[in-house]
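Dropping the structures in below, format is structure tokens.
Next come two complexes built around chain A: one with chain B, the other with chain C.
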Partner chain A sequence: MKQRAAFALILIFYLLTGLTGRAQEVVAVLSSDSQYYLEALRGFQDAWGQSIPSFNMRIETPVITEKTKLVVAFGGKANTLRYPAKTLVVSCMTSAEGGNRYLYISMAPSPGQVFSKLKLLQPSLKRLAIFWASDSMADYIRQMRQASFSNNIELVEIKLENSDTVPDQLRNIQSRVDAIFLPPDPLLVNISNFATIKDFSSANHIPFYAPTEGLVEKGATASVASSFSEMGRSAALAARELLKGLPQTTTLVYPDKVRIAINLTAARNSTLKVTPELIHEADKVFP
Partner chain B sequence: MKTVLWLAMAAGLLTQPVLNVRAEENGDFNYFEEEAKLLIVTQHEQTPEQAPAIVSVVTRHDIEAYGARDLADILRLVPGFEFGVDVYSEAGPAFRGIWVQEGKMLLMINGLMQNELGFGNFSFFGSIPASMIEKVEIIRGPGSAVYGGFAEATVINVITHQPENLNGMRLYGDLSAVSRYGNISYGSQTENLRAAAHIGQGETLLSRRDYADFFGNRLKLDRNTAYRRWQHIITEASAKDLTIRYQRTSFTFGAQDTFTTIQPAVNGINLEQTNNYNDVTHLDYHAKVSDNLAINPLFEYTRNNTWNFNYPASIDGFLEGSGAMLWRYRGEIVAVYATPWSAEMRLGGGYIQDGVKNVASDGTPGLQLSADPSDRSDHKRTSSNFGLFQYLQQLGPVGVTAGGRYEDTSFGSAFAPRAGLTYVHEAFNAKLLYGRAFRIPLPWQAYSRVLTYNGDLKPEIANTTEMEVGYKFTPQLKGKLNAFFININKPIVYLGATNEYVNLGQVISKGIEAELRLNYTSYGGFANFSYTAPGHSTSPGFVTPSKNRFLATPPVKIAFGTYYRTGHLEFAPSATYLDRRAGQSQLSANDPAGPLGTTDYKAIILTDMNIIARDVLKDLDVHLTGHNIFNARYTLIQPYYGGHAPMPAQDREITLGFILHL
Partner chain C sequence: MKLVTKLFLFFIPLTLLFIGVVVVKSRSSMHGILLNEAYLRGLSQVSGNAQAFSRAFEAGTESSLLPLLQSLKEQTNGVQAAAFDQSGRVITHTNVAEKNKTYTDALTIRMLRSDIPVFQETVVNGEESLVISAPVWSDEEEKDSFLISAGDMVHKRRLGTIISRMSLVRTLQLENRLFFRQISLLIISVGGLSLGLLAFTIWIILRPLGRLAVGITKVSKGQYGTLVPVSSNDELGQLAGLFNRMTETLVNTTVSRDRLSVEVAERKRAEEALLYSDARFRQVSSQSGDWIWETDAEGRYTYSSPVVETILGYKPEELIGRRFYDLFAPGEKERLTEACKAAFARKEILTRLPNLNLHKNGQEVILETTASPVVSDSGTLLGYRGIDRDITERRKLEAAMLQSEKLSAVGQLAAGVAHEINNPLGIILGFAQSVVKRIKEGDPLTLPLKTIEREAVRCKNLVQNLLVFSRASKGDRQEEVDVNAVMDGALSLVLAQTKTHSVELVSELGAGLPKIRANQTQIQQVVINLANNAIDAMPNGGILTIRTALAENPPGHVEIRVRDTGTGIPKNLQKKIFDPFFTTKEVGKGTGLGLSLVYEMVHKHGGDIALSSEEGKGTEFTISLPVHLATKP
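Here is the complex of A and B:
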């Protein structure tokens, strides 16, 4: 009897807490329970000051009512959901575009910050190859181009029609660039392309800058990227301003903080000079 | 009760904001892979496996590695393509056994049509040098629903070096005992402007062997009698969403016609000199109305000629010389709408006006506008109004495409629907495609006084069904196999007996093509196989008497090549096997009223070897290329019973070339 009562109490507790969560004005929708979305959600909640109810689209359909004032969508799947017209939406960690009412937190750092950090990592950098494949990256590439002019770095842009041409394009740039930069382009970043570029950069002793710290751990030379947690934090700040009704001058927000990660083994095999100062500057160092 | 309670508690847990972290070994890749899947569905970004067409893309690396001299060399390594010869010894392409010269193949440079507007031809062998090409995109199948015009059997789009690839200047030079080509490319990309220009010219020799016609005449081919000269100016500039392109190409060749005999010698030279030029001005604008809607208007003006006989007076030069000019105006507007249910819709339409102006060298009008021989004019216009639509949706692994193009023309109306189903699951992909294509007659074919007037010409229609399966064995190794069935009903053909263009007969082609490709940064290669056979209902004029082979093209073609890169050097041998081919026999050519007869030409292998040394000096690449290194006796054969004897071409050639990056 006691056991049954305990089960009933637990059940009531969970159901009640779950349901009350849904009544909140701000909710998070996660495309799945990937650790990256969870890390970004934690960053959001830390900056928000309290936890918010969340839906995991892998196992449930989000219930967004007219009472929901703001949704933070993590990942492309959550971003493409149809939300009530009056609901404000902040999108994180996605390249897929949506309607005008969206505010995007860029996964890529601002081009100005990228070049500033790259100069720090590689002061001799003159010609940087940047690969991209998705049309959704076009605007970011344009901004990178603008920033490259002011940083006196020649940007060699390589738009891939499909992934299969990565080896061809690498051959074309052999001995013509000082480093390779891979932006967070979903159509480009996969195991095969990563391995091909990593091998090429290793064979030619040029640094390979990856879009995430995880990829630096897997063998890229370094990364200049925002953490998922930082993206979530930026989403929280943007959400707060949206709810206050402050006018938005842009639909795209770059996370404030950019981290440097270095893979020492890969760096020593490249022209990157791993100095104690550089290691001190790095936020994450992999052996 | 206990079970129910446990289930209920589990349900409660699922509603909690606390989520479990899955172990993710390749977490970063998994994340990007999931986002990529979504992008493909929502932004309609297609992988080649999802494209509703059978597509070949020849990259800059392949062009350089295998030492291609021109577009003909590039196409030879693509399944389905071979070449033949026509009047005035003009070299043209055959695709899947079908002679696609005369308007069945759309050839573009940077999206701008290059076919001449008299017959729809483009002359190969020595034209479009490889040095100006960044890549070649080929639709191995119909493209009328999108492109209209000449996109009946295949579409070839030559892409020149783009501003972002150049980012400065590149100089190209190639020199051999029979050829010399040069090209300068300049490209720049600034914050608001993209611009590129390519200027080049060159000359080659078709062969040094003897040409013997069917009537007992023999001629030694040399620089005076078998030359090919090419010039090009290709420009483009884009600012924001506006793009302007201007192109001028010119191809001059000395050759021999063979309706009756070799051209009588003038000043000791047996020669007819022919020139084709093509001028195109193009303007387009990409207007993004909203996140979901874009509108793309374009305007294009093309001017060119059929054959401009400069030297000496040709048998037809009285009416088909410098006094003939052809042009086309094209205006088009297309709206692209991304629907809320993740489909893409295209809707558009436009207007085309074709014109011809022809004045004979005696000053009389060069066109005949009706069956009445006295009804003459020096100009004639025909027009076409068209509408097109396309619906494209990715439903998980399945892609669905439906579309079509309708044209109402001065020669009658035509409709080209298309439908495609694609399926991609992990490493496997499959395509099932149907497309109807048309080719609209040209005013020159109906009204030129060179020919007999025929005002009853109608659009010819081709129905094509294709199927493809592909598999990626590893990320670097993939294979494809496709089968096709093409049925062209009442093609527009030249009828020698009455000297007119008519809708006559049928051409059916069926076959299979297979491809295997390996691509690592330091080594790789390809092998492909093409088999083509005519359908039994094919008109006798295009096939052997037994109807088991098309004329001029080999039933089996096998091409393969490998490359290996070590340090500054790259080695790339390649070869093409051409099965035995058939052409009109001498007996048949000398007895036009007798039974059709053919001669077999034995199978040959064209073997090439290319060595590239990169950065031999700062920014200087050098290559040494041997083409047809075993000097196989390759000839171009006429693809119908037209009385043109096989033309020797592409003897052994050793070329030294360079690329300088500035």
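Here is the complex of A and C:
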């Protein structure tokens, strides 16, 4: 009887210490308690199979020790936080600017998927203008360029030195491109540039592909992007690989699933033909 | 009330109501628009300087906020502007005396709690004002927040609230000016539109309607050819066109109507005449003693006057559908049916055709038919229409008259013969009686002489009877007699003869009979004759009953009945027994004048004689003689 009780106590202790220890191995750090970060965290936990400790940087300072094997950082603030040297970092919803122990979950879908979806949205697409400003986007732009060749689309790359040049660049490409694509570049995508490009698109009837569904709701013609939940899920899959110690071939991981969102009002004002089949294909349609 | 008045009464309140509603709505919306305009003007000033306000709030110094608030007040033509922290404390105020004061009024609390700009119209010190609040947020924004949130609020930090109060005096003045200008335009436009619509209605609807009304009035006064001008192709024009068509039709049909009126009057007269004729026919038919009838081509009655019930016992409706020859008496039915069918076939006119019919009660009725065929225009026989007259009584009278004439002729003849025979017979009888008286007994001539005397007496009686029959008799004087006394006399004469013929004589004389006025001898002669015939009818004996009584039918008569139990009289002879010289007796035994005399004498007294006989059972003669009231006992 005593042996049984002792075994039960040992088992409970083991489980508690094991769980605690495991929970401390993987920690989530959120830049804020924004609903978008929370949505991504839920996606992560769904794929991870259990909840993990999380810190909201708006109200607390994350406590990351040497025991923490992996941090999932959501947002720019969380990404730029200094973590222990041996701690692995999977960064979501930010640009890739870390070292080799950092694995970034791209906000943008893979270029191949982007072009595939763009061809679906706009079969007549021949010339696509792509704006970018952050140096961290250079590699993604390169992949986009390669993908454009294989999709027989001419990519007009517009590298912005600063936001003030957006109007000039837009005037330059006027009547030269069939659509404008905005990658998830945090330096580029701000309220002013978005409004400027959206108005240009509307005035010149050029489809404007934004990097998030939220921006489609705000007036962009359409988007080819992953959801924040999907980014969290991809982060969970990547974290699991990292913890297993498998060799990493790249520091950038593209989410698997890509969604199409269409703003019907903006689409009607552009050359985009919204067919019933296209609406059927779309994951989200805004009136 | 005229239609134009109704239109005025409809349009004017409607216009006023419309203007009233528009004024109220317009005033309300105009106020809202101007208020919103003022609010947006104030808000744009705050939003335009959002970053500056944010930095000034971050600095938290009056020197950084005051210039901004003063600028805001100037730009919005405001009364005052202030910066509050979230507890309601004034950080900076354009009225610097207000610094550090804490506001706890409901409007301020509501504005401080709202994350979005708020505006509220209010009155401060009797002045209409617009209070605007705008929250001020920290400027700390992540570089990728817009990319992620697409501009949605992402937990910015609330630094405080800018509250600005703007005077609405100028705004309200502007509102009043705009309102009155708008109202003036509205009244002019709506009033003008209403008046125009009214005028249009009057011109388009009332004017053609007025013409139509005039036209209808003329038509109602008999001017059927009135036309109204057709001025449009709309419904009113169609109405005018239809009116014109109606009046044209009216003109055409008015002539027909006059003709129709004449025809109707004529037809009415004809119907009245027909009804009168029909009534007259019905009256004549119902009152006529003759039976008026009508049949179809098959001889079935289609009409019968009511008198048929009196004549034949049938109600008219009983005869409808029956053939006329169904009524013929069986004895002549076949002959008459054939004759009538032949007449029908030839469409002959039947003139006074006598025919024997059977009354419903079985009695025979003799009708005299006069009828004409009813023929269609094409010559087809449709039926017969005729009159039947009941001639049964007439026939009886004719028969009686014939009998009477025959008797009269015989009487005249007999009178002449009797007169010529009477004298020589008197001589023969005189000489015979004289000789009989003078011859002795045992003389062989006694028997022949007595025979001569007896036969002579018989001849004399015969002659006497003939004279009586021919009314030549001197003994026809009438006097008041007691019938029973007369019967007694007669029975005494008959009694001897009954005894010799084994006949029982039964006398049943009624008591208290009134006297009658009669010739006693003749009445006795009548009874004796009838009694002798009765005795002759009973060769093997029998009962002879003489009965007197006061007759029940006909009343006022005394009846004498002579009944025997003899052989009876065959039916076929019953009609002939009163004929002169008709006898069934052997030659030499009867003269055939007995019953003729009886008949003659009874009728001479105003009476009647009836026969009732049945073969093998006997015969009864009933004599009824009128009673004279003056001679009551």
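We adopt the following convention: the second predicted complex is superposed on the first by the 263 of 287 C-alpha atoms of A that agree within 3 Å, B and C clash if a C-alpha of one lies under 4 Å from a C-alpha of the other, contacts with A are read in each partner's own complex, and residues count from 1 in each chain.
One rule holds for everything that comes next: contacts are C-beta pairs under 8 Å (C-beta built on N, C-alpha and C of every residue); 3 or more make two chains touch, one makes a residue touch a chain.
Please read all numbers here as calculations on a predicted model, not as lab measurements.
Once the two complexes are overlaid on the shared chain, A:Ser34 sits against chain B and chain C alike. In the overlay built on the shared chain, the residue A:Leu187 is in contact with chain B and with chain C.
Once chain A of one complex is fitted onto chain A of the other, the partner contacts of A:Asp168 are limited to chain B, with no touch recorded for chain C. Put chain B and chain C next to each other and count what each touches on chain A; the higher total goes to B. By the touch criterion defined above, A:Tyr83 reaches neither chain B nor chain C.
When both complexes are overlaid on chain A, the residue A:Tyr140 reaches neither chain B nor chain C.
Residues 31-34, 36, 75-77, 93-95, 184, 186-187, 189-191, 194, 212, 214-215, 218 of chain A touch chain B in one complex and chain C in the other.
On the side of chain B, the complex with chain A involves touching residues 1-2, 5-6, 8-9, 11-17, 19-22, 24, 26-36, 38-40, 42-43, 45, 47-48, 57, 59-62, 164-165, 167, 189-191, 290-291, 340, 342, 475-476, 478, 519-522, 524, 565, 614-615, 661. Within the complex formed with chain C, the chain A residues making contact are 31-34, 36-37, 58, 75-77, 93-95, 107, 184-187, 189-191, 194, 211-212, 214-215, 217-218, 228. On the side of chain C, the complex with chain A involves touching residues 142-152, 154-155.
On the side of chain A, the complex with chain B involves touching residues 4, 7-8, 10-11, 13-15, 17-19, 21, 28, 30-36, 38, 51-54, 56, 59-60, 75-77, 80, 82, 93-100, 133-136, 145-146, 149, 154, 156-159, 161-165, 167-168, 170-172, 174-176, 184, 186-187, 189-192, 194-196, 199-200, 203, 212, 214-215, 218.
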